[in-house]
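Shared chain: chain A. Partners: chain B in the first complex, chain C in the second.
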Partner chain A sequence: MRKYLYIYKSEIMSNLQYVSNILFGFIGYFILLFVFFNLWKYLYSDPNELIHGYSMEQTIWYVIVTEILWGTVGGRKLCQKISNDVKGGNIAYNMNKPYDYVGYSLFNHLGIATIKGIIYIILGFLLGILFLRMVPSHTIITILLVLLSSIMATIISCFLIITIGLFSFLIEDSNPLYWVYSKLILILGTLFPIEFFPKIVQPILTYSPIYAVAYGPAKLFVNFSWDVCLQVFITQMIYITIGYILCKFIYNRGVKKLNVNGG
Partner chain B sequence: MKAVRNIDFSVEKGEMVAFIGPNGAGKSTTIKMMTGILYPTKGSINVLGFDPTKNRRKLAYEIGTVFGQKEQLWTHLTPYDNFKFFGAIYDIPDYAVEKKIEELKELFELGDFINIPVRNLSLGQRIRCEIVASLIHEPKILFLDEPTIGLDPVVKENIRSLIKRMNKEYKTTVFLTSHDVGDIEKLCSRVIIINNGQVVLDDSMENLKYHYLNKKIVEAKMREKVNLEDEDGITILKDKGYNLKIEVDTEKRTVADALKLLNPDNIIDINISNVPLEDIISSIYRKGDKS
Partner chain C sequence: MLTAVRNQIRISLLTTKYALVREMLNKATFFMNIVFMILNDASFIIQWVILYSIQDGIGGYNLKQVLLLWGLAAGTFGFSRFFFYRAFNLSEIINNGKLDSYLVQPKNVLLSVITSDVSTSALGDIFYAYIMAFIYKCSITNILLFTFFIITGGLILVSISVILSSLSFWFQKADMIAETGVSLMTSFATYPDGIFKGAVKILFYTLLPVGFVNYIPVGILSEFRLEYLILVFVVALFFIVLAFVVFYRGLHRYSSSNLMISKI
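The block that comes next holds the complex of A and B.
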């Protein structure tokens, strides 16, 4: 484990110089939240009204948290990196090092995700307080659980995106797959809580990775309950296991067929 | 399409072997099979007692790799942080890594730049750090793939002498791939030449030179024009009237025979040299192509 923590630490040290770039990325986040803040303000004609059990503040905080999670993962870069490693043969250079490529990719990406996460959390909360002038009430324990659930959500996202990237072993370009994945997460997980969707779709979403990577932590933040907390953690643990097994399965099959030319 | 066929060789501990061949000969494929990256369809490989296809991870602890065209260092970190990182990757305790860094810092003369981010180093400094990074875990075999590519002659020479020193100090077996004849000639005691996926020569550098350096090049500037024609053991390479370049096969004719043909009184200036090793290797490549 020490080696993976070193990979994580080295990536953090490497990326500390690019904090300004990450801050620029925050402009898009600000615009999106501003649009949604105004949209929901318009839809909630009465400030005390509840839509599908959510107050206006809760709905907006939901979007703030899911966008923090999505921005923290920065999946496009991760997918491209894995895909380029596979297609360009870089993966071969990792294979003769005594670490697991999936673990290396995960901890490597968690390094940059940590820096992004801290910045997104600070700026997201500042925006939330600025727009809404309130924060959902929490104890230290519940806020730590939300944080833990968010970390697990990030790990699951990474596994799913690494899996998509590793599909480059089987298909020429995995970017279209990532595009579909990111749009599904955006529409079904980031912008609206699961309760906003038709009843027939809700069970599907509850068992889908969307519950583990977006809905779960956001729901815990906007309306914490121990029942939901337990359900979220169980789901997340199942998805972490599934995600890792999927990555390893595709990786192990892929490297056997590896064909690296030249060099 | 088969990249390599019937390759068979063994390497002794501490040997420095040049594994060379033209582009597409199968060098990289062989190295990748030896390091467990590629799986051979037939045959067996044994590297330090491990089958690379089955024990890749275990073997990784025993070998080091340097690819001149591929950075393995984190460019935003200093060499020191990189070495610490590699120490952790190979599960070496902190105190042992510190000791090794100190030792290699002296051997590879890194003192001036060990705390400067890798991105700010010159290529020569970076390659030195790449080699040190691959030695942190004291590998028994070091695979060097084009370690001096892109370096100027002075830096190349410096890198070569450091590799030699490292080999002498740690008895590390070196498996070198390079298109640079200087690397091969100055570092290796044995040469394996591969072409079209097959070993076409496996011999000591000494034998290679002895058997193939039986040709001398005589370049002469003449006072008067000489009309020479190819004879057994003498080949005219260039004839520009007053300037001649001939190749003498010393197994058939002596250099003195050639000089007699030119008439020593007629010679203004003369240069007698060996056929460059590069030409010898190229001719072996060509022979391999024909067969």
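The block that comes next holds the complex of A and C.
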């Protein structure tokens, strides 16, 4: 574990040089929230109205939190990196190193995700307060639980994205798979809570990774309850296990068939 | 003059054709890129179906009009990325001094650079655009108008990217400005303008001309107005000319990095 923590620490140190780039990327996040703020303000013609049990403030805070989670993961780069490692043969250099490639990729990416997460949380909350002039009420313990759930959501997202990237062993370019995955997470988990979907779809979404990577932590933030908290943590534990097993399974199958041309 | 323009267009189309042939070497990946991009675009239909289940009209648009707005946004995006893909990483080419090989070609430098590669997935965006036009039940005339707006909108997007990327001739971090500018256009283009109020609306017809790329064209496709059609054409022409002027002004400041690269 120590070697992975070292990888994580080195990645944080090297990415601290590029904080200005991350801040620039925040403009896109700001615009997205601005668009959604306008959209929900339009849809909630009466500010005291409840839509599917959510007030306007809760819906917008839900989007803020899910977008923080999504922005923190920055999955496109992770998927591209894994895919390029497989396609370009770089993965061969990692095979004979004294670490596990999946673990290396996870901790390497968590380094940049940590910096992005801190910046996104600070700026996201400032924007939320600026737009809504309120924050859902929390105690120290509940806020720590939301934070823990968010960290677990980030780890699950990383595992799922690494799995997609490793599909490059089977198909040359796994990026198209990532587009579809990212859009499903964006539309089914980020833009509105599961309760907004038709009743028939809700159980499917509850058992899907969307619950673990987006809905769970955001729901805990906008309307914390101990029942939901327990359910979210159990789901996240199960998905962390599934995610890791999936990554290892595809990696182990893929490296057996790996054929790298020297050069 | 006309022959020179015709020759330049021919060269640009040939370059695109050969870039496409190169991409088609792996047919499975080529088709997968297109199909998955269509699925990617289509996934947003779910978002709008959910939103329209809450309220019937959003920002003055009904569901079909929003789908047409999405179609047009995807079409302009796809057209710009397919025919002028390098316009969207022009900053990197300028910053790294990679313009040398284009400077020695006896053709227009800007066009040679920006047409030198294609994005396969952009074809998926273009197909998706016409699927949406089909769902909207566009007449033949409207399909022609739709195509016209895809071209004008796509050219405006390319011009904005060229203008902002050309700032790299003067500043170091211009690539981020270009990336942000283009992503701002795309973010706004897929939502009805009626949900925005105040100063933002002025932005749509000035600094971020999404109005001329998407909103006015969708309005014309719903209710034809000749004066608006001419306006869209003139604005597109204005941005194209501005892109050439800014790029060639900047090109005087270009310095090579003596980078040895092979161009096939």
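Before moving on, here are some points about what is shown:
Note that in this section the second predicted complex is superposed on the first by the 263 of 263 C-alpha atoms of A that agree within 3 Å, B and C clash if a C-alpha of one lies under 4 Å from a C-alpha of the other, contacts with A are read in each partner's own complex, and residues count from 1 in each chain.
What we mean here is this: a contact is a pair of C-beta atoms (placed from the backbone, for glycine too) under 8 Å apart; a residue touches a chain by one contact, two chains touch by 3 or more.
As the structure is a prediction and not an experimental result, all values here were calculated from the model.
Contacts of A:Leu43 after superposition: chain C is touched, whereas chain B is not reached. In the superposition on chain A, A:Ile171 contacts chain C only, with no contact to chain B. Using the contact criterion defined above for the overlaid structures, shared-chain residue A:Ile51 touches chain C, although it does not reach chain B. When both complexes are overlaid on chain A, the residue A:Leu230 reaches neither chain B nor chain C.
Note for the complex: chain A touches chain C at residues 21, 24, 27-28, 31-32, 35, 38-39, 41-43, 51, 171-173, 176-177, 179-180, 183-184, 187-188, 191-192, 196-197. In the complex of the two chains, the chain A residues touching chain B come out as 2-3, 5-7, 10, 13-15, 17, 90, 92-93, 95-99, 256, 258, 260-263.
Taken in their complex, chain B has these residues touching chain A: 23-24, 28, 32, 35-39, 56-57, 59-61, 63, 65, 67, 69-70, 72, 74-77, 81, 84-85, 88-91, 145. Residues of chain C that touch chain A in their complex: 26, 28-29, 32-33, 35-37, 39-40, 43-44, 46-47, 50-51, 54-55, 58-59, 121, 173, 176, 180, 183-184, 187-188, 191, 194-197, 200.
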